[in-house]
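This is the structure I have questions about; it appears just below.
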């Protein structure tokens, strides 16, 4: 539910949590990201960093420069300046990321889990069944059929938490229980309402449905796209997965390895929440990709 | 160049060709469509139809309601009040269209041409050579590696001229000489530096590099996307092609035949000229997908 | 009373058209279509008591043979196609009562090229994109999208026509068999791509109408064109040949120069393309194009925009009830 007034909650001596509501409604995230952009634009004195999430935003501040009480006033001013959620327009890059769905590597990862931890079906079959899709191929079609909204970049470096923008492509699934102890690097997972891409080979709980050969962060800043940044995506960016076959996967993998891979990202669009809502309302909900 | 003073050229007793410039230039085309939108909004009495194209607009009018001179001065005043190009933004839907590159359909068409009209090199080979590409895979990668801007409609119902927004993906191709007597509906063509999807079985002159099972024009209006209009695309829309294999191609074709194919379109992004110019500035023109 | 017309023989290319045709979809590539000779077409409708816009038939070169299911009033205008009604000579430019079961048979056009048949009540076919006019190339409008075929049946709305009405002699287009036509043209829009000598040569020369001409375009045969410097010193996006220009819209009536071949773009023409249009035939001269035949000779007579507009007003002024006696 969206709160009538955002809640301001202290986080120790130099954080403040601004909460817009208490559920996973994407509007709350639009507000959180609208405030993030407004803070950047405003260059509010004392504000050090921001960390948005589904329905809230953590603002880190320097208490020598601004008091908790003054920051609250500043934040309230910026929030009222945002207007209604329909008025929001956000800078939003669109990254086209290659994805091999139903790939052999995540298949091995699931098989390994099945053998060593707890027996389970192949994840794409399971997710397809839970969502009433025809088969795993339709799962791939639906997952690649929408742009995914980057709600936040969190948990591990560069890991995007994403939501399908086309409601007809919303996929829900229970997470692993118990979680995996390792996950293929670059694995594309779905869990709850979200999608993500594993940026480290660590543990994980999302169902694995495919894999991308491209890195989402690069501490060595080796590839050209990382010239000025370590992490590929920001909150409010969008991702569109481009299904590829094994041959193309290997080609891209080789170009990543030799440092010549050119990312495919466009940065000339603004995301209009009002237009988005109109578009969602215009969709025939029975139509399926 | 973009003319300082647009030219108003008479076309008989009820047409004016307004020329804003004389080159294939994205900014110029954007200006053409922005001005067309303004003129449409103004609902000038006596103005019948507008035909915006690459660098010009043909206007039809009823001389019993407005004279050539008065129409010219009204349009000119709208043109002068347009404001700066840099500040312009346009809500621009993007259509995702699946393509089977180097496909069986266009290959058969090329073979037929060779047998009946004149021997010629296979179309994709011509593009690969002329544009210095590694092979068919890179042709597909580059053609599908950019969003396209719908610069104009015309010549045939539903036929859209598409220009690559990423300049690194602009290819060049000669036209068929003599032209083909037939081209399969759904053929992806390339001629000059423009690409297109053939909306129907028609004669044609563009090189054929792939085929889509998805219709872009539907006289019978049988698919949901054509409920309101016969043609899918409008100037200022964007198109992105994504490569599919034969299996997915056959699947999509079967859905189109069954009449339940859902066109993939996202309609919520605003195209910003300033952001586009900035983005162009960030591209490394030596890099290729 | 509503009736049907059975198509016994379709004729060479007989199509349902309405006036002025299809507007509002040009931008999507749909041309206006509609009757080529708008003058004769409107008079046919007025003769049978219809609105000038009502759907009727355009018959090209050789007309159809049609059988009427019920009594009605019809009129035939435009080209002389030596029509007979149950074997009796059928008068042109006059409303005539037809009885149920009678057959109208047309022959080849002996004077002119296109004849127009109006039936009181008007032809009833579904509107497609706001018009009943046929656009054959895309299969839009008319009777199932195309010209008539043998064995089809055409529905007609009920109407109350009065027989014996005639178009006054001086209110009809002067369709003749001279083979020589004076066609008005307005210079532009792309006349600056042609050298001054080229403009003069175009206006002074005879142009022969080629056989490969139809409702899309009229191909002309004549002397070489002389281009201005501009046509060869242009950006590569315009194309190689001097007649190439960056894709632009085509006014209906424009004389489209494809290489050295001028093509007059008429009712079903493409809306855009990459060739220049140095001259445009104004609407007032369209009836002459419609009534000419392959191998006829055109000479072009330059008029101003205003003169062309005045001529069109003159024709509109004749497409009214006052022209009937």
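Think of it as A, B and C in the order they're written, each chain with its own count starting at 1.
Keep this in mind: a contact is a pair of C-beta atoms (placed from the backbone, for glycine too) under 8 Å apart; a residue touches a chain by one contact, two chains touch by 3 or more.
No experiment lies behind these values; they were computed from the predicted model shown.
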Report summary line: Chain centre (avg CA) closest to assembly CA average -> B
Query - Remotest chain, chain C as reference, centres from CA atoms - result: A
Query raised in the report: When the C-alpha atoms of chain B and chain C are each averaged to a single point, how far apart are the two points in Å?
Result: 30
Query - chain A and chain C: spacing of chain centres that average the CA atoms, whole Å - result: 60
**Report entry** Touching residues (chain side chain B, partner chain A) in the complex
**Finding:** 89, 91-92, 96, 137, 141, 144-145, 147, 165-166, 224, 240, 242-245, 248, 251, 260, 262, 264, 266-272, 275-276, 278-279, 282, 284, 287-289
Report task. Please name which positions on chain B make contact with chain C in the complex. Result -> 9-17, 19, 22-24, 48-58, 60, 63-64, 68, 152-159, 161, 192-194, 200, 219, 229-231, 235
Report summary line: Interface with chain B, chain A side, in the complex: residues 89, 91-92, 94, 96, 137, 141, 145-147, 165-166, 168, 224, 240, 242-245, 247-248, 251, 260, 262, 264, 266-273, 275-276, 278-279, 282, 284, 287-289
Requested in this report: Under the touch definition given earlier, write down the residues of chain C that touch chain B in their complex.
Outcome: 23-30, 129, 137-140, 145, 186-190, 234-235, 237-239, 246-254, 270-273, 277, 280-284, 305-306, 308-309, 311-313
